[in-house]
Amino acid sequence: MTEVNQDTILKVEDLAVHFPVGGGLLGGPRRFVHAVDGVDLELKRGECLGLVGESGCGKSTLALSILGLQKPTRGRIVVNGHDIADDSVGRMTRARTTQMVFQDPYSSLNPRQTVRKTLEAPLRLHGFNAKSEIDDRIVDMLRHVGLRADVAKRFPHEFSGGQRQRIGIARALILRPQIVVLDEPVSALDVSIRAQIINLLLELKETLSLSYIMISHDLGVVEHMSDKVAVMYLGRIVETGNWKTIFSTPRHPYTRALIEAIPDPFKQSRGMKIVGEIPNPLNPPAGCGFNPRCPEARDLCRVPPTPDLEAIGADHLVRCRRVHEISAGKLTAP
Amino acid sequence: MTAQPLLEVQNLRIDLAIGNARFPAVQDVSFTIEKGETLGLVGESGCGKSITALALIGLLRPPLSLAGGTIRFNGKDIQNLSSAEMRKLRGNRISMIFQEPMTALNPLSPVGRQIAEMFVLHKGATWKEAERHAIEALASVRVPAPDRRVKDYPHQLSGGMRQRVMIAIALACGPDLLLADEPTTALDVTVQAEILDLIRELSAAKGTAVLMISHDLGLIANMCRRVGVMYAGRIVEHRAAEDIFRTPSHPYTKGLVASLPLLGARAQHGQKRLQEIEGVVPPVADFPVGCRFNPRCYAATDVCHVDDPAVTELRHGGYVRCHHHD
Amino acid sequence: MKFRANLLIGGALFGLVVIAGLFAPLLAHTDPVMGANLMNAELPPDTEFWFGTDAQGRDIYSRVLHGARISLTVGIVSQLINTVIGVCLGLSAGYWGGWWDDFVSGLTNLMLAIPSLIFALAIMAILNPGLTSLLIALGLTNWSFTCRLARASALSLKSQGYVQAAKVLGYSDVRIMLTQLLPNMLGPIIVIGTLGMGGAVLAEASLSFLGLGIRPPYPSWGSMLSDARDQITTAPWISIFPGLAIFVTVLGLNLLGDGLRDILDPQSRTRRA
Amino acid sequence: MLKKLFITTAIALVMGGVAEAQTPRKGGTIRFTAPYGSSFANLDIHTSNRAQDEIWAKAIHRSLYNWDAKAGKPVLELAKSATASEDGLTYTFKLRDDAYFHNGRKLNADDIIWTFNHLMDGAKAYPGARYARMIKGGVEVEKGQAKTISGLKKIDDSTFEMTLTEKVDPGFYFWTATTSIYPAEEAQKDSFAANPIGLGPYKLAEYVPGSRLVAERWDKFYKSGQPYADKVAIMIMGEASARDVAFRNKEIDASILGPAQYVAYKGDPELSKGLLEVAEVYTRVMGMNPTFKPFADKRVRQAINYAIDTDLIIKRLVKDKAYRATSWLPPTSPGFDKSVKPYSYDPEKAKKLLAEAGYANGFEFEWTATSNESWGIPIVEAVIPMLEKVGIKVKIKPVEGSVLSEVVSKGEYQAFIWSLSTGPDPQVALKCFHSKTPQTACNYTLFKNEQVDKLLDDAGATNDQAKKVDDLTKVNNIVFEEAPYWFFNYNKAVMAHQPWLKGLQPNATELAIQNYEEMWVDETSPAAK
Amino acid sequence: MAAFLLRRTLQTLPILLAVALLIFLLFSVIPGTFASSMSDDGRSVIDAQVMERMNKEFGFNDPVHVRFGKYVAQLAQLDLGMSFRTRQPVAKVLAERMWPTFILTLASMIFAIAIGVPLGFIAALRPGSWVDTVSMVGAVSGLSLPKFWLGLMLMYLFALVLGWLPSFGYGDGGLRYLILPSIALGVAPLALLARTTRAAVLEIMNADFVRTARSKGMSERKVVQWHLARNALVIVLTTIGLQFGTVIGQAVVVEKLFAWPGLGSLLVDSVTLRDIPVVQGAILLIVLSFLVINTLVDVLCAIIDPRIKYS
């Protein structure tokens, strides 16, 4: 049924993931956290989709679902035209299509495995047996991520953070996937190293024709790398669109607040401020989830149901009842 | 006679002991903080900025130790103070907030009590009075319903709230100097903005000087008038905040500024390759000879591999520690 | 620096016992069982019988040497059983969670609730005293700590990036447990196992005292010590040497365990820093 | 006849203060020990036949008969006289008229009859039923077919009649504590379990389960002037090494010794003064199962007796705390034949016998044993090299006591080592070799010999004591020749006692069981007050 | 807190049931019966009829599942059955022996806690000092001694050689009698507690919140009093709770050696004599007391550590 655009490699439809909380003997009533609640996404080949939001907004759960590690409560995830919940799309197929780069380069490498083992095991698992082929692939991949071939026999603790992240990237790409989920790929790295990795990722995207889903709270990185951006709040997408649109003319108050909150050396004026913290996801506010913190909130925002995503421009969707009343002035300074 | 600076650090050296060997984790660090001023220290992990702060408050623990230099607080060298005098200073005149508000608070003690301790310790208050002061202190850091919150335990509070409690503790006695060590790193951006505002406003209101430590250049530049950039245990550049971004002098600072994907930069310049700094940050035991940045420096020459660059005063204020600065 | 002393002294003591056990047939003067000669009964230590002789006239030195084999067998085999059970249950429970975790946790609590000596006592009574029974009794009753540790490690490790990565790469659960989790939790488990070996040697002595330990023909230290307790005033050497052997072995294992903990257990590494 | 009994008891070595002619001192506390375990079963002696429980029961209770340690035979205790009928099956007992229960009530024939009826309560399975079953009509009561034992008749308050099923001396049946006479009505009350009321010299004062039992003098005890001590405290101390310390520390007045301590005490100039040694009526043997092929051959069984240097084991390992066993019956027994020499240590002969039996190359057997130091694995360990020399290999099968008695009575063994009761009644002891006696009773080695059967039947039928003893002696000698067992030793029980404890009796049936009324402590005792 | 307590209590029920089942199954396959045990010394032979009768009365002729059914039905009515040996209700037999074990374990734990915890504290506050070294070497040695051996040595030293204390028994239940057995039993937990306390204190010493406390200008003494002690206490308490289990188990050995009339010696006797209902009852009681103690510890921990209630 799903229309698959020639260029669409991943399509997420009405995805929801609910976690049970409590319940059981004397545990009180069983309630559900709606970690992801009705998310629609589309990723085109060669594109980088930036997922932005604060901790607990559901972006990690969404990523895990896309990787097939989290069973959705509702909705479908279609990769290359196949629903990944479908039994015919096995664990192995999924592994060869979708891969992931992790945030912490220290915990994401098995300390007891050499680089070679880290890269060789997945190949063997996926049916590569000829030593020469494995060798070739490993050397090739190490070269791609900017490491020399002789690092293969070393253990992770012998590397710096940046080098480890390169190994992590090599591991993710060794099976030649089409989609790579980048989970905060540079936030745990030293500032002086970040540029190396960002450049590498952008380079690999081109040379290996990859598509990225990048989770990050660093808006600078998101702006730099993404083609499309989705802003999440309380398990829902509140604004999505082209990177330029999102960063130059954000419409949702939350998006605007996020951008505002970045400490900028050249900007002393602080326009829009939000206060308070993300509400308890077990007990989300009625109406718009953002209303308790929103400086623009009015009574209509506090009335259920949750507002819908509204298209206000080409590929620009905003989930706000007052989107047309709030000025669409430019935010970023220079 | 110029007014005496609040804090004067000269040629600070902190050693790290590994086995029987000692390595200078911090060396030749000098700076001053005037009363009510906010100074920024920026640098990557392992550059020595946090232990510099710990040295100022006298909390270095083995394997780290103060190995040289002077720290004058209100004109007195704190190294000459007895431990009791030092304790009177600590928390009362100089206080500190830490990076992880989760672990920096005692999980088994209500936050009110942890604030109240300050008044008991330094103001000679009874516990009862102190509890009352604690509520006021919580209110001053804009914690809603402070009279109820004082009874809460740290795990019942969100990260932002915990950091507010830390600030309440730090500012309880109205100190002259606040050391803020990456106070917002563990927090979400929106919360970070609030906390920074809070620090800024409270310190301004009470005339508290702040030493702000962060790896985030943008944050430091935003918060401080003057910034010290640390690399491998040294201050390599010390400038006014806006100069750091506009006219960085040290190759390291230059590299950092150019490598950051700043918001709005893509709209201006397009998605071009970010400028990279080669190599990695060296560990303390492996600080290079000569200029410590030399293995990564694009401008390094032979002299950089041999000689430690001296401090060079810059024309528009500030200084840089480089053989080839602009 | 202290941890090195632990490791060195512990390793040396335990190494001594291992050598004694391995080369017992070469080092021993007589057969530990067939060496009985009532003409030599209860001789104090001298140049011929270094540790003296026991009531049956057997050379205690030889018996203590052979006893090392028994104690090592008891320690190693029972701990191996415990470790395998504990790791299998704990690892899978921590990794899979759900009802299996509830079940395993219940089982672990059950095992914790019954004092292991009493449990072992019951098993010994059922199986009749002997080496095999003892290995089963001690092997089945002391896995709860290993299990808890393995479970906790699995719980914390499973959220680690490399475990997630293995999942993403299509590894099966069992493969993840064996190749990603197990090698990374082995350190503390080896430590617990080492300390448990000492515990097993002591438990053997306790069970022998209660009349439910290893019985001849095996010359176990516990039964030697326990059998000779009545002769402690008349022929103290009969009990002193096996007692000393137990003490040295357990002390060695405890020190070794402490030393290994310093090296292998990352938690205590931060403790030292 | 009776003279012979007297003579044989002389073997019982009396060393301690038993025979001293001092005037007993009144007062003080006797601090006795119960060494066979760490508790008593309860305070109802009918439920237990263990020596451990008899130790306290002797203080509080009394049976129809009592064991006379010096005479080595049962004597009337609660009755003044017992007259047998012509056929020797019916006895008329006249009770003593000065026996009072601890509640002050006088002993009555009803109490005796009630007690025996009570013992035969089938639902309760009292071990004493074994003895009361000898009374005619007892089995019917046990099976619930009758309410009262028909063989018991009350004549008047102090006289009753007892009819037996066999011609036996009732004294050998009704002297143990497990047949203690209870006060009829009081014993049916619930409180009796906690406050036993008996006829013994002491009445219960305090009982701490698992720790000790203290009893105080019963002033209306029927033996004049007795008991002497004010109190008897019986400490429960199963652990020999702890008992050793306590005794040396003068915390207890008497202690039963094992071989190791026997040597130590004998070698100590002070301690050796207080040793009481007695040949007990237990024979330590290794039983051989004839269903295990090699042991079916008499020559093999004899070979084993020849192959083991029994004397050496007794001397070196048992430390002479035993007497070499000649045969089944102990030296104190009327059926014991002094002229018989035990099997000599003769490995050559053993080899020859084995060769004749077709085992020139030896064989291997499994030896079931407990860890008992006197008749368990330590002995087996010493025997192993000896048997090895004649080509017989031994595998030890260690078991617990309760398992040993089970596998032995079921015949699930190849060989076992045990200590078996062989007295005081030689007829009862030898009945174990009657082919009609089942393995579950005591014919553990499935002994079958027509001559023995006949001799035993004759001995049971005759009234002639001399012929009876003669028949039994013959049986004993045949058993020796047939060698169903390796005859190891007769136990030498040794009790260490403090110098101030007097009046101990050389009780050959069980040294730890003493008549406390004959014991007293002099003023040197720490508990003399 | 009430809900927490209730939840903790209810959690122990399935464990108790499982223990009952496990013990029952174990002892239904044990060789030997009470009747056979009565003649184990070869001295007091019981005749076959009585033995038969006993087995019938004690229900040994029933199949296992029937026996278990009966047992559970009994248990449901809080009836532990009748002891074969004493012919009294098991509950009564246990009640008689509970108190000595209770005071023995309590005394040895008090001994262990009173010395072990401060020792661990002192050692941790001066790591590397002679106090630290000596106490930790002592602790590891204390853990390496066979218990009955230690008991025997104490007996010889303090009773025989020095004559200070009685060597055995319960006596009048006075303190004098309690000292030696509780030391013999308490040395191992003492050693373990000292080590645990030391490790816990050392770990907390490096915790961030202790650094915070110091940054407040607190003296080390106040840091320990106000912040370190409570946090260490949680870890130490948990260890104490678990140690109770080991101590109750090891009490078997010590009680037997010192002729102490507790549950442990009763248990060993009952196992040897195959008095199965008492064995079952005693183990259930021991498990129950372990669970009660650990629930108490949990409650204490929950009072000290507010995080526990909510997890």
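Think of it as A, B, C, D and E in the order they're written, each chain with its own count starting at 1.
We take it that contacts are C-beta pairs under 8 Å (C-beta built on N, C-alpha and C of every residue); 3 or more make two chains touch, one makes a residue touch a chain.
Since the structure is predicted, the reported quantities are computational estimates derived from the model, not experimental observations.
Chemist: Any chance you could name the chains that touch chain C and chain D both?
Modeler: In this structure, the chains that contact chain D and also chain C are E.
Chemist: Report the pair of chains linked by the most C-beta pairs in contact.
Modeler: Per chain pair, the contact count peaks at D-E.
Chemist: Among the chains here, which has the CA centroid at the largest distance from chain A's centroid?
Modeler: D
Chemist: Please report how many Å separate the Cα centroid of chain C from that of chain E, as a whole number.
Modeler: Computed value for the inter-centroid distance: 21 Å.
Chemist: Based only on mean CA positions, could you tell me how far chain A sits from chain B in angstrom?
Modeler: 32
Chemist: If you average the CA atoms of chain B and of chain D, how many Å lie between those two points?
Modeler: 90
Chemist: Just the number, please: Cα centre separation of chain B and chain C in whole Å.
Modeler: Centre-to-centre distance between chain B and chain C: 51 Å.
Chemist: Listing for chain E: what residues touch at least two other chains?
Modeler: Touching at least two other chains: 31, 152, 156, 256-257, 268, 272.
Chemist: Among the residues of chain B, which ones contact at least 2 other chains?
Modeler: Not one residue in chain B touches at least two other chains.
Chemist: What are the residues of chain C that contact at least two other chains?
Modeler: Residue numbers touching two or more other chains: 125, 128, 211, 229, 232, 273.
Chemist: Applying the document's contact rule, which stretches of chain B touch chain A when the two form their complex?
Modeler: 44-45, 158, 160-161, 188-194, 196-197, 215-219, 221-223, 241-242, 244-245, 252, 255-256, 259-268, 271, 273-277, 280-281, 296
Chemist: Write out the stretch or stretches of chain B touching chain E in their complex.
Modeler: Listed in rising order, the residues of chain B that touch chain E are 57, 59, 84, 86-92, 95-96, 98, 100, 103-109, 117-118, 121-122, 153, 155-156, 166, 169.
Chemist: Please output the residues of chain C touching chain D within their complex, sorted ascending.
Modeler: Listed in rising order, the residues of chain C that touch chain D are 33-39, 41, 55-58, 125, 128-130, 211-212, 215-217, 227, 229-235.
Chemist: Could you please specify the touching residues of chain C with respect to chain E in the complex?
Modeler: So the residues of chain C in touch with chain E come to 2, 106, 109-110, 112-118, 121-123, 125-126, 128, 198, 202, 205-206, 209-211, 222, 225-226, 229, 232, 239, 243, 246-247, 250-251, 254-255, 258, 267-268, 270-271, 273.
Chemist: Where on chain A does chain C make contact in their complex?
Modeler: Within the complex, chain A contacts chain C at residues 67, 69, 91-92, 94-96, 98-100, 102-104, 107-112, 121-122, 125-126, 168, 171-172, 175.
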